[in-house]
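Below are two complexes that have chain A in common, paired first with chain B and then with chain C.
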Partner chain A sequence: MSTFLFAVVSGILFGVFFSLMAIGLNFAFGVMKIVNLAHGDFVMLGAFGAYYALSTFGINPFETMIMEIVVFLVVGVALYYGIIPRLLRSDDPEMLSLILFFGISQVIEALATLAFGTNPVTLPTNALGQLSFQLFGQAFESSWVISFLVSVVAIGLLYVYLYKTKMGIATRAIMANRDEAAASGIDVNRISAIAFGIALVLAAIAGTLTPFMLGGIYPSVGVNLTITSFSIIVIGSLGNPIGTVVGGLVYGLSLLLMQTYLSSWANMVPYVLLILILLIKPSGLLGKGARNA
Partner chain B sequence: MRKNKLSNAIILVVLAVLFILTPLLYPNQSVPFQMMAFMTLAQGINLLYGFTGYLPFGYVGFFGSGAYGVSILVLLLHWSVIPAVIGGGLFAVVVALLLSPLLRLSGAYFSIGSLAASEIVYYVVSNPNMQNITQGPYGINLAGIYDPNTSYYAMLVILLIFTAVVMYVKNSTFGMSLLAIKEDPVSAAMAGINVVRRRVAIWLVSAFAAGLVGAVYGWYVSVFYPSSVFDLTISIFAIVFTLFGGGGTVLGPIVGTIVLYGLYNTIGVSSPQYFQLIYGLLIVVLVMFLPQGLTSLLKRRGINVP
Partner chain C sequence: MQSRFRKGTLWAAAALSGSMFLAGCGTTTSAPASGPAKTKSPAAEISIGTLYASTGSFATSSMPEYQGLQFWINQVNAAGGTYVKAAGKKEKIRLVSYNDQSSAQTATSLYNQLITVNHVNMLVADFGSVLTSVAVPIAQEHKQLLFDQSGTGTTFFTPNNPYIVLTSLPTSALWPTSLANYLISQHYKNVAIVYCENDFDQSQDQTLTRLLAKAGITPTYNNAVPTSTSSYTVILHNMAATHPQAVIELGYPNNDISFMQALQASGSTFPTTFTIFPGQLPSLFEKNFGMKGLNNMFTYPAPPLFTVQGVNYGMSIAQFEQAFKKQTGSSPNFLNVAGYNTGLILQKTLATATSLSQKSMRQAVTGFSGSITTLDGKFQINNQGAQIGETLPVGQFTVSNGKLKVNFMS
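And now, the complex of A and B:
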């Protein structure tokens, strides 16, 4: 019984972390209707940032996080203006964005391999700080709890941005209908550029936590992280940020339960969940109506 | 139509002569072998992507199914080689049949769904619990049927067959109906085309191509591991070669494979990251400036590309 409770509580801790990892992908899709297949590679870059900052300069992951927020925001805005307006004018932006970001993902992976090598790197789990947390008589890794708390704060801030600020409201207007938002005087490109920057920032924050949650980091891990994120947002419903949290929890719980009881099959979890949801309820658990499939 | 037939025949003859002559002139037989393998895979992707718009990231799942199909038929059921290779291809068709509900998805969902499906096949095959059937992660040894020369020519035959299939599809009413479905499935259905049946048909043919290539590849190398025959790079290469040359044409995948796989062999083998960097940038440039591939440069000038 205590094994079960341990798996459930860790599943929730991991689930919220996975929600943070996936929510940027969903946000970019919601605003621009593009599939950022390089999402996991940005998470990977964030993780390597945390690794080098700590192992070379002794900078603690929270300070790295703040630096990465600035860097990734700038990169995201630049990347947006460089490619996306052109992409959105084409016949089939969704499919072309998939191929294009797949190319970007290959470029990032190649550069990361040249810079960091192919061997996995790890960070000591206590580098995030110590925090004792007990529930049902079980002690949980402090890095898991801290990552959980950071994820809750980051997701919370995204909500505050979307629902309480003027720019957030404009973002939601674009999500609802890009053309009508433009017609009512919203600077669609500026708002979308910032949204894309925020999507990458969320990936980077998840990235700085990744070495503590998932262990070894290596350049080609990006593809797996992208698929995991995609599974989570499809489970939740594309374009629905609340859904991503549900998706993350479903994914985290199933992963930890499988690791506890059927560990040799646990690697298959994201793929099986993705296929099941796509085939049974393609609009996702919280989706309304069908997608144009 | 007559002109098409002539140029198609020339393409087939040139391919046959090219791959019969290269092993005589070039000391390393495995380079032209792998080029033929990738060319056939690219034509398989072409059948699906070029004519229906479905881009299967998980295409390697069929390749791996073919390789494991042949090894199961040879090692466990003691079939002789040629029937086992064909059986390996049919293994992939069975997998494709099981996965055909994926065709209900469109665009990005299909691509990523097929990727997930191929990962599932990989994890099932490589699972230590499957050791009695697939040897799990420990790999397959087919030393008993090792025969690089015969398998080389078997691959050539498969390449010629599927190049001819692409030629047939391109010039037949079947291919036209696929293009109509790609353009607008609802109107195509209204015009009396059975959308589901045609999509599934081309999906199975495409899977059969990859399965046969995988089977002959397994025969040719004779020792392989799940991680090598389910390597995502195989899908990625075949997709990039097709996109680079241009989907929906016979020549596109051939040109794409010769140029890019040639490039890979000159710079890629020793330092794969530089090659990965180049084709990553290439994809970005293609999508931004030339989404229909190299052959569209000729088409734009009004030149008919077979």
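And now, the complex of A and C:
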């Protein structure tokens, strides 16, 4: 029983973290209808940022996170204005975005390999605190609980942004129909640029936490992170950021329960869930209803 | 709206499949380290074909092994070449190499390319069992002798396949002998094992559990995980729940690092905790966990952590360390040794084979098997090509006077 409880609680902690990791990818797709195949690489860069800040300058991961929020927001906005308006003017922006961001992913991975080498690196898990948390008689690492809390706050702030601010409402209008939003006077490019910046910020925050949740990081880990993120958003609902939370929880719980009871099959979880969802409910668990809510 | 979702989903699925495919094929345009050979057995040089992984999960191990092989080639060519008995003179070595990016799928096509397009004289496998596993059937099909550097999976060596020789490590079936002996000597009853699903680790697990069973020990936990596993915390928690006296993790370097990170985070301690690669790549593990993190950890120490006595072929470990540092600027690790050792086996093969046919080279290897000892140990193969001359002791890291030391347990 204790093993089951540990797996369930760990699954929830991991699930919320996975939601954070994937939500930026879904947010960018929801607003711009582009698939950022370099999303996992931005997560990887966030992780290496945390590693180098701590190992070289002794900077706490939380301070690094704040710096990365600023840097990734600027990079995201610049990247948007540099490439995305042109992409959206093309006949098939979704397809072209795949090719473009695949290229960006390869460039980031190659540059990261040159900069950081190929060896995996880790951060001491006590960098996020040394206390362990007790729940149901089980001890959970402080880094997991802190990553969970940071993820909840970040996802909550995204929710507040989308539903409680004028810019968020404008963002949702663009998500519903870009042309109609533009016709109603919304500065579609400005709002989309900020949305893309926020998507990268979410990736950076997840990246800062990644070494504590997923172990060693290395430049080519980005592809795996993109696949995981993609699976989660399809499970939840493609284009619906809030559905990602559901997708993340389903994924986290499934993965951790599989690791506990059928460990050799654990890594098949994302693919099996992906196939099942595509066969049974292609619009994802929250699908259309939640999107329009 | 739903059709929009469906379209997006399908696009993204196609994209990820495409990206996986393209990532796998990314190296097909890479130029070889030197131009590809167009004819077999050029008179003035010997072509050696190999793969390396400069990115991906095996880069950590593949690149140092490749550097070791390159070091040997540089040494040989600087000396005017190596003696080739079939030609009756010294010939230089030309390396034809491609980057498989740690992808077995990419490696499959590149091994084929080395044999059928580049027509290399000698074929050398990339690091480890995963990237070697695809080379074994290809080499056998083309009747090309595969010099397997470190793919130690027992399934590679079968009576009907004469086209494989393991050069730089004993077959996986032999690795855990010393570990099992140590565990039995400690009278442990509760042993927990986690291993990765690949030939290298699976065959070790099979041997270890078989030897323990002979001593009446049944592991309280013995489960496989995918080789790509990066988070071991829940697995470690489940192992700890069985109150083991020894926790054994069998994986590749990335697995060992993730496992040790989880161990450090959990604060759990066990009388014996064993992982494979700290003994082969101590500096990598020390960089990640410090001496404190390695203190008391059990492992398989390998040269240069110990010195092989009675070396009668090639450099001694001290000479190698000095020359390697001079050439590359960095201190060698075991995988550098393994790559260099492969070069020595190629060199001895060329010096004794009466022709450059693959069968003749295989006969030559059988002929000098058991008679040479390199800095890596005694080179001896069985009739299936598996290396059985080398042994891997069990050692325990300790910190003494601010230095990391290894105490040998067997």
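Here is the rule we go by: the second predicted complex is superposed on the first by the 286 of 293 C-alpha atoms of A that agree within 3 Å, B and C clash if a C-alpha of one lies under 4 Å from a C-alpha of the other, contacts with A are read in each partner's own complex, and residues count from 1 in each chain.
In this section, a residue touches a chain if its C-beta (ideal position, glycine included) is under 8 Å from a C-beta of that chain, and two chains touch if they have at least 3 such contacts.
Please read these numbers as outputs of a predicted model, since none were measured by experiment.
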{"item": "Combined model on chain A where chain B meets chain C, clash or fit", "value": "clash"}
{"item": "A:Q259 touches, of chain B and chain C: first, second, both or neither?", "value": "second"}
{"item": "Contacts of A:L279 with chain B and chain C, given as first, second, both or neither", "value": "first"}
{"item": "Which of chain B and chain C A:N60 touches, first, second, both or neither", "value": "neither"}
{"item": "Touching partner for A:S184 - first (chain B), second (chain C), both, neither", "value": "neither"}
{"item": "First (chain B), second (chain C), both or neither touched by A:P270", "value": "first"}
{"item": "Residue contacts on chain A - larger count, chain B or chain C", "value": "C"}
{"item": "Contacts of A:T165 with chain B and chain C, given as first, second, both or neither", "value": "neither"}
{"item": "Partner chain(s) touched by A:P120 [first = chain B, second = chain C, both, neither]", "value": "second"}
{"item": "Chain B versus chain C as contact partner of A:F102, first or second or both or neither", "value": "both"}
{"item": "Partner chain(s) touched by A:S90 [first = chain B, second = chain C, both, neither]", "value": "first"}
{"item": "Against chain B, colliding segment of chain C, chosen among 42-50, 60-68, 114-122 or 168-176", "value": "114-122"}
{"item": "Chain B and chain C footprints on chain A, overlapping residues", "value": "35, 94-95, 98, 102, 105-106, 109, 113, 223, 227, 230, 234, 264, 267, 274, 278, 282, 291-292"}
{"item": "Residues of chain A touching chain C in the complex", "value": "2-3, 6-7, 10, 14, 29, 33, 35, 37, 94-95, 98, 102, 105-106, 109, 113, 118-122, 124-126, 132, 141, 143-144, 213-216, 218-221, 223-224, 226-227, 230, 234, 237-239, 256, 259-260, 263-264, 266-267, 274, 278, 282-284, 287-288, 291-292"}
{"item": "Residue ranges of chain B in contact with chain A within the complex", "value": "53, 55, 101-102, 104-109, 111-113, 115-117, 119-120, 123-124, 127-129, 232, 236, 243, 273-274, 276-277, 279-284, 286-288, 291"}
{"item": "Contacting residues of chain C [partner chain A, same complex]", "value": "1-2, 4-9, 11-16, 18-20, 22-23, 26, 54-57, 59-60, 63, 101-102, 194, 197, 223-226, 228-235, 237-238, 241, 253-254, 257-258, 261-262, 264-267, 284, 287-289"}
{"item": "Complex contacts: residues of chain A adjacent to chain B", "value": "35, 83, 86-87, 90, 92, 94-96, 98-100, 102-111, 113-114, 223, 227, 230-231, 234, 264-265, 267-268, 270-272, 274-275, 278-279, 282, 291-293"}
